[in-house]
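Two complexes are shown next, each including chain A; its partner changes from chain B in the first to chain C in the second.
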Partner chain A sequence: MSSTLSALQEWLLSSVKPDEFAERDPKTAGVRFEALVPAAQIVAVATRFREAGYFLESETAVDFAECVELVYHFNRWDRAERCCVKVLVAKDGGQPGDGTWRAPSLWPVYKSADWFEREIHEFFGVTFTGHPGLKRLLLPESSTIYPLLKSFKGEPKGSDVEQSLKLIGEDAAGFDLNRKQSLTCKDRDFYLNLGPQHPSTHGVLRVLLHLTGERVIDAEPIIGYSHRHQEKMMEIQTYPACWPNMGRLDYVGAMSYNMAYALLIERAMGVSPSPRVEAIRVLTTELNRISSHLLWMGTYLLDLGGFTPFFYCFDDREKVLDILEMATGERLTYDYFRFGGLDKDIPAEMLPAIRAFLPEFTKHLKDYDKLVRKNVIFRKRVEGLGRLTRDTALSYGVTGPMLRATGVAADLRRTEPYSIYPQLDFDVVTAEGGDAYARYVVRVREMEESVKIVRQLIERIPDGEITLGKLPKNVPKGEYYSAVESARGTFGMYLVSDGTLNPYRIKLRTPSFSNLSSLPALLPGCLISDVVSVLGSTDIVLPEIDR
Partner chain B sequence: MTPIPPVFEELIRIVLYGTLAILFVSVNALFLVWMERRVAARLQLRRGPIHVGPQGLLQTVADAVKLLTKELVRPYASDRFLYALAPVLAFAPLLGAFIILPLGPGAIIRDLNIGFLLLFSLANISFIGIFIAGWSSNNKYALLGSMRAVAQNISYEIPLMLSTMGVVLTTGTLRMTEIVAAQDRIWFILLQPVAFLIFFCASLAEANRAPFDIPEAESELVAGFHTEYSGMRFALFFLGEYTAIFVSSAIAATLFLGGWQGPLLPGPVWLLLKTYLLVLIVMWIRWTFPRLRSDQLMAFAWKVLIPFALLNLLGTAVWVSMRNLLA
Partner chain C sequence: MEMNDDLLRPQSPAPGLVNLFKVEDAFNLARANSLWPLTFGLACCAIEFMAGGAARYDLDRFGFGVARPSPRQADLMIVAGTISRKMVPCIKTLYDQMASPKYVIALGGCATAGGPFKYPGQYGILEGIDKIIPVNVYVPGCPPRPEALIAGILELKKLVIAGKTQGTLSPAVVNDSQDARPADYKNAISRADFRKPPAPPAAAPAPAAS
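Let's turn to the complex of A and B:
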């Protein structure tokens, strides 16, 4: 335990006097300690964490009969020191959403709390005092349901459609077709909805831009268009039935999400897969990272108006997909890992295919990079654009290549090693500047690092079983947290198990969610052309944000 | 037989040449769209249209039929009259360019003494059409696109004109036939290389082609000024764009590449060959470069092209006066 953490812990125990405090084993629970603090103290605790260099990795809630428990996870960039702080919000006979369930907002300390708290507000009905605007985040504005409360049993069958139509009608009621002026136009500024039907938002994202001419004054991302409530879905499913959900969060880089779920349940059950399984998991995950970054590279240049690179990147991506298809039978929404093993072993022709692909791809990547990086228009368009400072990144909980582009070597594969990553030789890629160009450099070099990992692995995939046989169907009672480095950043899963066949609560901490929430800090001062460019450089996947 | 009154003779000429020009423009645009798609495919590891007709040549004909049969959707809150007028206004003036294009010795509809100045004046009318399109659609993306188009047009008009002035100074005429005739020994691309480059860049921008296609930047403004247009109205903008590329390439070929002059083959064939070569380069550029940002585009016109065009003009003027003094 580092000195910062022990100092923090000492301060917590002596000054805050938590109602409960327990040190936990980070190998299974994923956190160093859990502390239950009085609601009034949480802002002071968060401030202390922020001053010590921790970011708010996730903020969520769990519903119990008498209270709603708010769960905060703080973590560091440079080493894995996740700490869990909890606050109880008593129900006191109040109704969800009526303002009786109250807790102080962390928004003054961490900007990332903005979206986390809006989500808790709409799913649990908790009101946060001091929050700048507690409107719905993922659900329609007129929604009256609080789906993650255990008292919510779902609408009776048959009325779902009527209910949706009613909600849509209510949302559309305030819209006047004949109104020629939109919103409030002051002198020369106006509002522009970028999306949800726009070619460059990479999914159904809407960004409400406040513009003067073509220059952005303010921007607000509006999300929730592809919300499916995966967390609720997983609550009512058995553990194995949740596997397909993992492929449908970030469909571009789904292997990492498989990895996180496998880690979570294996840690909880106290089992570990065979070395062969671990090697194949890392192999497929890294190949998937390559295909994810390739897709980003192609579409990002498309955003900048370069159509042709898109085809070249997709050509190579197709080859990666072909290889992954051999193992998984799927090309996109991978559902390949199992608890303690894999769905099936890799076929004999897969390794030769990878061997043939790697040198070819390395050469292509070098060519593409040279063509793109030496293009003066590209350089002029991206250099210095959408500059993210480390302080902003900390405040918004930004992770992944976006964070590494600010020069921070934060990569969970190194800082919180899982699977066989400690045995592999690869570098954590960083770049200086925090701008769109730095993000480009980081992602391209990460592909090279992934190639390096794959090259090491194909030579030494050990023999072994690819399944552990029969495992119990339930997970021991307790709380677990697992996190992996996906192609987009830190993907964390928080599980509360009550020992039954279904998860009591699963929170999906998705990287794009926090990365996108930093957009209002990046966009002001940009031109519309740059909005598209900055948005592209964040490499978001909307279904992962909306869940 | 009584002679036909000159008014009717003129009318017949207008109808005849007009019909021929429209026919050529339509067929040419269909061909250029096919060519664009094949060139793009070649650059992008694809094959492009190959199934409809020989080498997919009829694909664009099929597309045109589809566009013709489509419903003309008009946005609820648009300006009815201007919305319908805009595509016509954007396309029609470009036809006027064919008046002054010399296809061969004596093969020109009207050999005007103001030559290509007429063409540039007409091209500006088509920009008014584009502006009206963006304005009347009552769509913010369309309005932004047309605002960009106007700003771009005004900026790039200047280097475009200045670069041609080098040629005008050398020949001492604006008449297209005389400019071509003056290139019988040496093409002006060799005498005026800087002017040619400036003309080429500026004409790319005038035709809204990548990397200067910011008025219709599809990744930013959805489709720019023609976002709300569908069916044949959209096709008219499309026709206009390809005609503009063809016309500016043809003018470049006439001013700098010796026009219809060349050995063996007849004049019109030479002109078409040179024009299509330039069009090919235009397409090649489009599928190679990313797009400039609007402020960078302006900076390029005002800080690079215009100063160089002025310097070139000054140099040419000095050279011409020296030549005249010595002669």
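Let's turn to the complex of A and C:
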């Protein structure tokens, strides 16, 4: 334990006097300690964490019979020191959403709390005092349900059509009637909706741009157009039945999400897979990272107006998909991992196929990079745009290539090593500047690093069993947290298990969610034609944000 | 190209020496060979739609590759992905904005009937786009491969040539046996109970159990 953390812990114990405090084993629980602090103290605690260089990794809630428990996870960039702080919100006979369940907002300390708290507000009905705009985040604004409360027992059959027709009616009556949208000639300000149907938003994202002339004054991402109630769905499913959900969260880089779920349940059960399984897992994950970055590269350059790179990148991506299809049988939504093992072993023809692919791809990547990076038009459209500072990144909880583009070598594969990453030789890629160009550089070089990892692995996949046989169907009672470095950043899973066959609560801390929430800090000052450039450089996948 | 020759021949009731095409038949023939899809994706299936348009699968071979970002210029809507309720008004608006004649393909399980995200009492999605707008062709899969998408569009082409483009709307509530399963919604447990054992034996699971 580092001195910063022990000082923090000492301060917490002596000054805040938590109601409950327990040190936990980071190997199983994923956190250093859990502390239950009085609600009045949480802002002071968060301020202290912020000053010590921690970011708010996730904020969520768990519904219990007598109270709603707010769970905050703080973590660092340079080393994994995840700390869990909790606050109880007593129910006291109040109703969700009526304002009686109250907690102080962390928004003044961490900007990332904005979306986290809106999400808790809409799913649990907790009101945060001091929050600047507490309204629905993922569900339509006219919703009246609080679905993640245990008292919510589902909607009656046929309500999907009824609700949809109601929403169509509301839409005809006008979006956001309470918002000032009139164009006044005097100040030349106006609002423009980018999305939700727009070719360049990589999904169904709506960005409400506040413009003066062609300059962006303010931007507000509006999300939830792809909300697929995955967290509620996982609560009513058995643990193995959640595998397909992991393939469909971030369908572009699904292997990392498989990895997180496998790690979570394996740590909770106290089992570890064989070295062969670990090697194959890392191999497929890194190949998937390449295909994910290739998709980003193709579509990003398409956003910027270059059609040809799209075809070239997709051509190489198809080759990666062919290789992964040999092992998984799927092209996109992989659910290949199993608890303690894999669905099936890799076929004999897979390794030769990878061997043939790697040199070819390395050459292609070099060519593409040269063509793109030396293009003046490209440089002018990305350099200096959407600049993210380290302080903003800390405040918004930005992770992944976006963070590494600001020069911070934060990569969970190195800082919180899992699987066999400590045995592998690769560099954490960083770039300076924090602009769209730096993000491009990081992602392209990350593909090179992934190639390096794959090259090491194909030479030394050990023999071994690919399954551990029958495991118990339930997960021991307790709380667990696992995190991996996905192609987009830190993906964390927080599980509260009550020891039965299905999870009591699962929180999916998705990287794009926090990355996208920093958009209001990136866009102001941009020209409207550059909005797409900045947006594309964040590499978002909407169903992963909306979950 | 036998298949295409077959397709290009409109269904005439009695082949004679002189075949008189109806004007509509000639129009349909033109429409069927240049279906312009709307660039519009909702979830995973949209990536396969993109892959379909890229180098390997190349929708352009069939004249379907001219994806238009504006609904005013498109005549084929490919509903690719899960339809969340928040998105429904937008899809409806896009459909209404398209000029007739317009065709709809439901790509994948979600757009067809809710797919993997359908469970008793779900609160977030619309179980099938055919409850809101008429659908011509359904393509199964989760997600369907690009080949399946191409097969779906070719199927639509046949329908367009034959003039059978009246899409179907499904009844609002389908009698579905899957929905009759009892929902396994949990009740809230007491936090005091949950915390009670400070986890002494819970750390060591017994693999032999079960």
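Details
The criterion applied here is as follows: the second predicted complex is superposed on the first by the 525 of 547 C-alpha atoms of A that agree within 3 Å, B and C clash if a C-alpha of one lies under 4 Å from a C-alpha of the other, contacts with A are read in each partner's own complex, and residues count from 1 in each chain.
Basically, a contact is a pair of C-beta atoms (placed from the backbone, for glycine too) under 8 Å apart; a residue touches a chain by one contact, two chains touch by 3 or more.
Note that this is a predicted model, so its numbers are computed, not measured.
Superimposing the complexes on chain A yields a three-chain arrangement in which chain B and chain C fit side by side. Once the two complexes are laid over each other on the shared chain, residue contacts for A:His198 go to chain B and to chain C alike.
Contacts of A:Glu66 after superposition on the shared chain: chain C is touched, whereas chain B is not.
Within the superposed three-chain model, A:Ser3 lies out of touch with both chain B and chain C [touch as defined at top]. Contact with chain C, but none with chain B, is seen for A:Ile236 once the two complexes are overlaid on the shared chain. Computed from Cα centres after superposition, the angle at chain A between chain B and chain C reads 60 degrees (steps of 10). Once chain A of one complex is fitted onto chain A of the other, the partner contacts of A:Asp315 extend to both chain B and chain C.
Counting residues of chain A touched by each partner, chain B versus chain C, the larger count belongs to C. Legend: residue contacts after superposition of the two complexes on their common chain; A:Ser14 is shown touching neither chain B nor chain C. Once the two complexes are overlaid on the shared chain, A:Gly305 sits against chain B while remaining clear of chain C.
When both complexes are overlaid on chain A, the residue A:Leu295 reaches chain C alone and has no touch with chain B. Our summary of the superposed model lists a minimum C-alpha distance of 5 Å between chain B and chain C. Judged by the document's definition of touching, chain A residues 198-199, 311-312, 315 lie at the interface with chain B and also at the interface with chain C. Residues 177-178, 180, 190, 192, 198-200, 214, 301-308, 311-312, 315, 375, 377-378, 380-381, 527-532 of chain A are the ones that touch chain B when the two sit in their complex.
If you check the complex, the residues on chain C that touch chain A are 39-44, 46-48, 50-51, 54-56, 69, 81-82, 84-90, 92-94, 116-117, 119-127, 131-132, 142-143, 145, 172-173, 179, 183-192, 194-195, 197-199, 202-207, 209-210. Taken together, the chain B residues at the contact with chain A in this complex read 40, 43-46, 76-77, 138, 140-141, 144, 210-211, 213-214, 217-222, 287-296.
Only residues 20, 22, 28, 63-67, 69, 88, 138-140, 145, 147, 149-158, 160-161, 163-164, 167-168, 170-172, 196-199, 203-204, 224-230, 232-233, 235-237, 244-245, 248, 251-252, 269-271, 295, 298-299, 310-312, 314-315, 317-318, 331-333, 468, 470-473, 476-478, 498-500, 502, 504, 542-543, 546 of chain A touch chain C when the two sit together in their complex.
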